[in-house]
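Several structures are given next for inspection.
In what comes next, chain A is part of two complexes: it sits with chain B in the first one and with chain C in the second one.
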Partner chain A sequence: MKRYFRELSVTAALLLVLLGLAVLAPAFYQPQPLLSLVTREAPTLIVACGMALVIICRQIDISVGSQFSVCSVCAGLLAARGWPLPLVVAASAGLGALMGAINGGLVAGLRLPSIVVTLATMVTLRQGLNLVRQGEFVNLPDSVQWFGLSQSAGQATLVVSALVVLVVIGLALRHLSAGRQVYAVGTNAEAARLAGIPPQRVTFLVFVFLGALTGLAAIMNIVQSPQVQPLSGAGLELKVIAAVVVGGVAIAGGRGNLWGAFAGLLLLACVSPALTHLHIEAYWEKAIQGAIILLAVVADGVRQRRGGK
Partner chain B sequence: MNPSASAPLLTLRRIAKNYGGVRALRGVDFDLAAGEVHALLGENGAGKSTLIKVATGAHRPDAGEITVAGRTLDGLTPTLAQQLGIACIYQQPALFPDLTVAENIGLRLEHGGAARRIDWPARRARATDLLARVGATIAPDTEVGELSMPEQQLVEIACAVGAGARIVIMDEPTASLTQREQARLFTVVRELRTAGVGVIYISHRLEEIFALADRVTVLRDGASVGTHPVAAMDEAGLIKLMVGREVAQLYPPAESPPGDVVLSLQNVGCSAAGVRAVSLEVRAGEIFGLAGLVGAGRTELARVLFGLTPATAGEIKLNGRPIAIGSPQQAIELGIAYVPEDRRRHGVILEMPVAQNMTMAVHRRLFPTSWLRSGAEQSLALEYVRDLAVKCSSCDAPGGSLSGGNQQKVSLARWLATKPRVLILDEPTQGVDVGAKSEIHRIIRRLAKDGLAVLMISSDLPEVLGMSDRIGVMRAGTLAAVLPGGSDAHTVMAMALGQEGDKGAA
Partner chain C sequence: MKTLLRLGVLVALFSAAATVLSAADGKLMVALMPKAKGNAYFLSVKAGAEKAAKELGVELLFDGPTDTNAAKQNEIVENWITLGVDVIAVAAENKEGISTALRKAQKAGTKVITYDADALPDARSFFVNQATPEGIGQGLMDEAARLMNNEGEFAIITATLTAANQREWMKHIEARLKSSYPKMTLVAVRPSDDLKDKAQSEATALMSANPNLKLIMAICTPGVPGAAEAVKQAGKTGKVKVIGLGLPNENKRYVHEGVTDSVILWNTMDLGYLTIYAGTALAKDQLKPGAVSFKAGSMGTFEIKGDNILLGKPFIFNKGNIDQFDF
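Presenting the complex of A and B:
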């Protein structure tokens, strides 16, 4: 119980919000708007899974928003040229993995601090994209939108695939040797090294993995609209890191799981529609999200002091 | 010299200090007179550093009395110690590398609010003056990071002189100095003495003590075994004082002769690790003890053998076949296991459960599909918990909740699980209580009996002497001698200190 206290309390908070909405604003539960809400969050969820791994490994990647934009635009251009969708998906994931490899290579290979490395790649990728594309939108062929399915079928496909990714990575993190290694490196990299786990390789691979997931998330985003908007990923990194941290993944590494990240993401995502349904001004959204993050971080601080370590 | 002529500068009476259950100091008496160099001598862990920390106010003693210049102090703090004129010069100077010499000296010696105006010409003039007084030819505007280690030491001494220090403590100041630099340092120390400063001088090098010190106090196991005028002592007598304890514990004896050579090193070196030309052989069933002073290259050799800093010279053979050990993973696959020194930082991941800690190095064998089978994990952990008598509430208890001795057993279990042929133990009983210590000794002997080749690094001299079938003594990055098991402490210590003993046969 104590071990999963944070995950349980975030889940409880989420349930409380959902319950409050059921009583005060039952309109929130109309199927179609709710499905749309969840669909919009599906790409973020995928990126959050990868981010959780990176943070558990005691690193951070703030370039995911820029990676996301680059993948979106490139995937859009390939699709517009008539590439079949499966190939576009593979190309986008591969491009993401490549950008992750650049981050991971610099962090693990040269042992540079990840916050600085990814700050640099964040700016470089974003400005490079602006330079090449001049902010131009990409028009997509009809076959791309909702994978060529009806809107509700497409939405359902997206939500289900995001959940599948979440469950698979969640189980892998808990039950695969590789997952255990991520925790070991994030908790004590030198001890892990002395136990035969190569910390640099693990660090490199979590960045590559996050990049590939970001590429997939870009696809899950572009299929939701007829055009690719080059600024679509702006601010994604903050949203994702906030969700992961609220969900109890310790920024100091070694602690947390995907269930918590999932609950944290939903809790933050609920704020905006809840305000709409409760007829509160939308200006409150960021303030409330900020307060939630602050509360989570303070809770961590208190827990650590009590723990006496 | 005659210390009773004037009141002593510093008197320590019956100083006792415990860390956890370990008695680091048990009632040590020490005094320092003005104008004397008083050497402090003792093995690793004899309590020298603890005594220094008490004298500088860094640690508060559990019992005892500190008198500085006739004033008995209730609680000595680092700030108070500084005001009383106590300065300590450490082996690694604690200066700011990106600031200039003058700025560093200013930071130590100038007082006042953060908003005060700095008088730059005065600061520079004082730095120039102090540097001249300690015989240093360093420009005050040089950045400290550009100075060599001995030059930085001189800056430290200049700070001490500038602070009007009456008591200067030097902790192994010559450890990284060349002969000439050492001679210059001695001149400075002698000048300090002439000026009436009392110097506490810590060194492992006996010849320095004879060259420099007026009196010497020898510590052993946290107690003083006597203070003597240096003129009345010789090297043999000092070594005897340092090690002259009875081997109180009983060590499990070897029951059968060792088998074939398992690990053999031929002129192995690694320049980055500071290890050079080490040749030795360890046989199956044999415990090969590695003795030496801290910094003699023992841990560095272990790190070479475990692939952490791969060898750059020489040949390593395992069961007669030449091998290359490029990484810990390779070492593990070859059957080499390394139980590191600092178990809390490196041996055990404190936040992880006991079971996960134990299986950490055997994922590939235990989980061939990479799927973590918790059944297999638990049963392996239970096996070792039982076999090594690990005391823990359950296999899911975090490693950090165990006592030191039990953490060490967990660390040991992790490596036994790899089914190694060579087991390297680095300070296996450091900071472990007496009961657990002899338990660990019995386990090590049993492992050797089962055919493991054991290489045991230890700074605990009785342990090395009692446990080892053969003893390698390291000094300055290389193997200075290999002695037969049952050698006496005097011979080992003499080898470690660099006194060519008469029994130094390989």
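Presenting the complex of A and C:
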């Protein structure tokens, strides 16, 4: 119980908000709009899963927003050229993995600090994309939206696949040795090395994995509308890092899990529609989200001072 | 000491290079800064600017932040001062923030004008005003009222709550609403951070939170297709109307599907064209403070009100005319 205090408290906060909405703004629970809103968060969830791994491994990747934009635009252009959708999905995930490999290679291979490396790739990728696309929307063929399914079937597919990814990675992280290696490296890389775990390889792979997931997330986003805005994904890094931290993953590595990150994401994602439903001015949105993050960080700080892990 | 010397030589070399550059075959150098250089809106401004630069025989530099970033704008202005450009034309992201850098440019002898979004009046000679905030605010509000038969609830999706242009337009939308349309109610103003995806989520929440909503007005370009997609997905085409400030190409599909009724904007290419003409005339002393009109090449004469060069009335794109425009 005490061990999962952070995850449980975030979940409790989330339930409290949902309960409050049920009382004060029952219209929030109309199935169709709610499904749409949840679907809009599905891509973010996928990226948050990858980000959780990177942060547990004591690294960070602030270039995911730019990676997301690059994958979105490239996938859109390939789809517009008539590539079959499965190939587009593979290409986007591959491209994401490649960008992740660049980050991972620089961080693990040259032992550079990940915040600096990914800051550089964030800016480079964003600039490069702007240079090439100049902000122009990519128009997608009609067959791309909702994978060619009906809207509700498409939305259900996206939500279910995001949840499947969450559960699979969440379980693997806890029960597979690869997952435990991530915690080991994040807790103490030197100790991990002495125990026979190659810290640099684990670090490299979490970046590649995050990149691939970001590529998939980009696909899950572009199928939700007929046009791709190249700016799409700007600010995504803050959204997912916030979700992961609020969900109890320690920014210093070695601690946390995906269930907490999931709750953190939902809690933060709730704020905006909740304010709309409660007819509260939008000025509060960022302030409330900021307060939630601050609260989470303070909770971590208090824990650490008390000597808890 | 040695390092200092090297530094000195470098600086000298650099300024010499800058002088040579600016003096190259006596061509005027006109530098045009967008709020964000990847933005399609500013690219169409650039297209008009290029046309004017060609007609006038001036050299056009186009640079700006990749995404809206006030500090980066200052940096670029500083670089242009070092480079010794003759004219700087800026769409300001932050009114106060950019003004210090622009005053410095003026002191260095560079002519400064603003377009699209103004700086402080003492930091530039003229502002090329694409449409007065009144014109835009009233144009949007009147169009909304026409589509809603002057009654009912509507909501606004904006860029960010602090964006200068949007705030100014909001002021006039609200003033017009209060003075002319007592039976209409503005139920919410939501930010989209200039992201189409966020605008889509915001519009979805707006519709479910406000069952009587009759219209969504998006006052930033990515907001219009974002809101339209949300309305379409909610199955409320026709029941919730969409209008906004936007680009024709991004909205054609929704206008033809009947989701979006009207897209309001000025002619962005004309804005770039007029800006370059005005900047060049300023540098050649053909345009001076106090002028009441200004003739810009093939586009004819424009009214000047105070220190604002007016581009004219906003333009409404709809099903009937939108296919004639390609930007």
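Everything below uses one rule, namely that the second predicted complex is superposed on the first by the 307 of 309 C-alpha atoms of A that agree within 3 Å, B and C clash if a C-alpha of one lies under 4 Å from a C-alpha of the other, contacts with A are read in each partner's own complex, and residues count from 1 in each chain.
Everything that follows uses one rule, which is that a residue touches a chain if its C-beta (ideal position, glycine included) is under 8 Å from a C-beta of that chain, and two chains touch if they have at least 3 such contacts.
The model shown is predicted, which means the values in this text are computed figures rather than measured ones.
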Ask   = Is this a clash or a fit when chain B and chain C both end up on chain A?
value = fit
Query = Residues of chain A touched: more by chain B or chain C?
reply = C
Message = If we overlay the two complexes on their shared chain A, which of chain B and chain C does A:287 touch? Say first, second, both or neither.
response = neither
Ask   = Counting only touches as set out at the top, which of chain B and chain C does A:221 meet: first, second, both, neither?
value = second
Task = Look at A:40 in the shared chain and tell me whether it touches chain B only, chain C only, both, or neither; answer first, second, both or neither.
result = second
Inquiry  = Touch test for A:234: chain B only (first), chain C only (second), both, or neither?
reply    = second
Query = Once the two complexes are overlaid, how big is the angle at chain A between chain B and chain C (Cα centres, nearest 10°)?
reply = 120
Message = According to the stated criteria, A:195 is in contact with first (chain B), second (chain C), both, or neither; which is it?
response = first
Message = Touch test for A:272: chain B only (first), chain C only (second), both, or neither?
response = second
Ask   = Now for A:252: first (chain B), second (chain C), both, or neither, which partner does it touch?
value = neither
Ask   = Now for A:25: first (chain B), second (chain C), both, or neither, which partner does it touch?
value = second
Key: Minimum C-alpha spacing, chains overlaid - chain B and chain C, in Å   = 12
Inquiry  = Quick check: in the complex, which residue numbers of chain C touch chain A?
reply    = 36-43, 66-67, 161, 187-191, 193-197, 200-202, 204-209, 211, 222, 225-226, 229-230, 233-235, 249-250, 253
Ask   = Where on chain A does chain B make contact in their complex?
value = 174-181, 183-184, 187-188, 190-198, 254-255, 309
Inquiry  = Quick check: in the complex, which residue numbers of chain B touch chain A?
reply    = 306, 308, 327-329, 331-332, 338, 340, 345-352, 356, 360-361, 363-364, 367, 370-372, 400, 414
Message = Can you tell me which positions in chain A touch chain C when the two form their complex?
response = 25, 27-28, 30, 32-34, 36-37, 40, 123, 126-127, 129-131, 133-137, 139, 151, 221, 224-227, 229-232, 234-235, 272-273, 276-277, 279, 281-283, 285
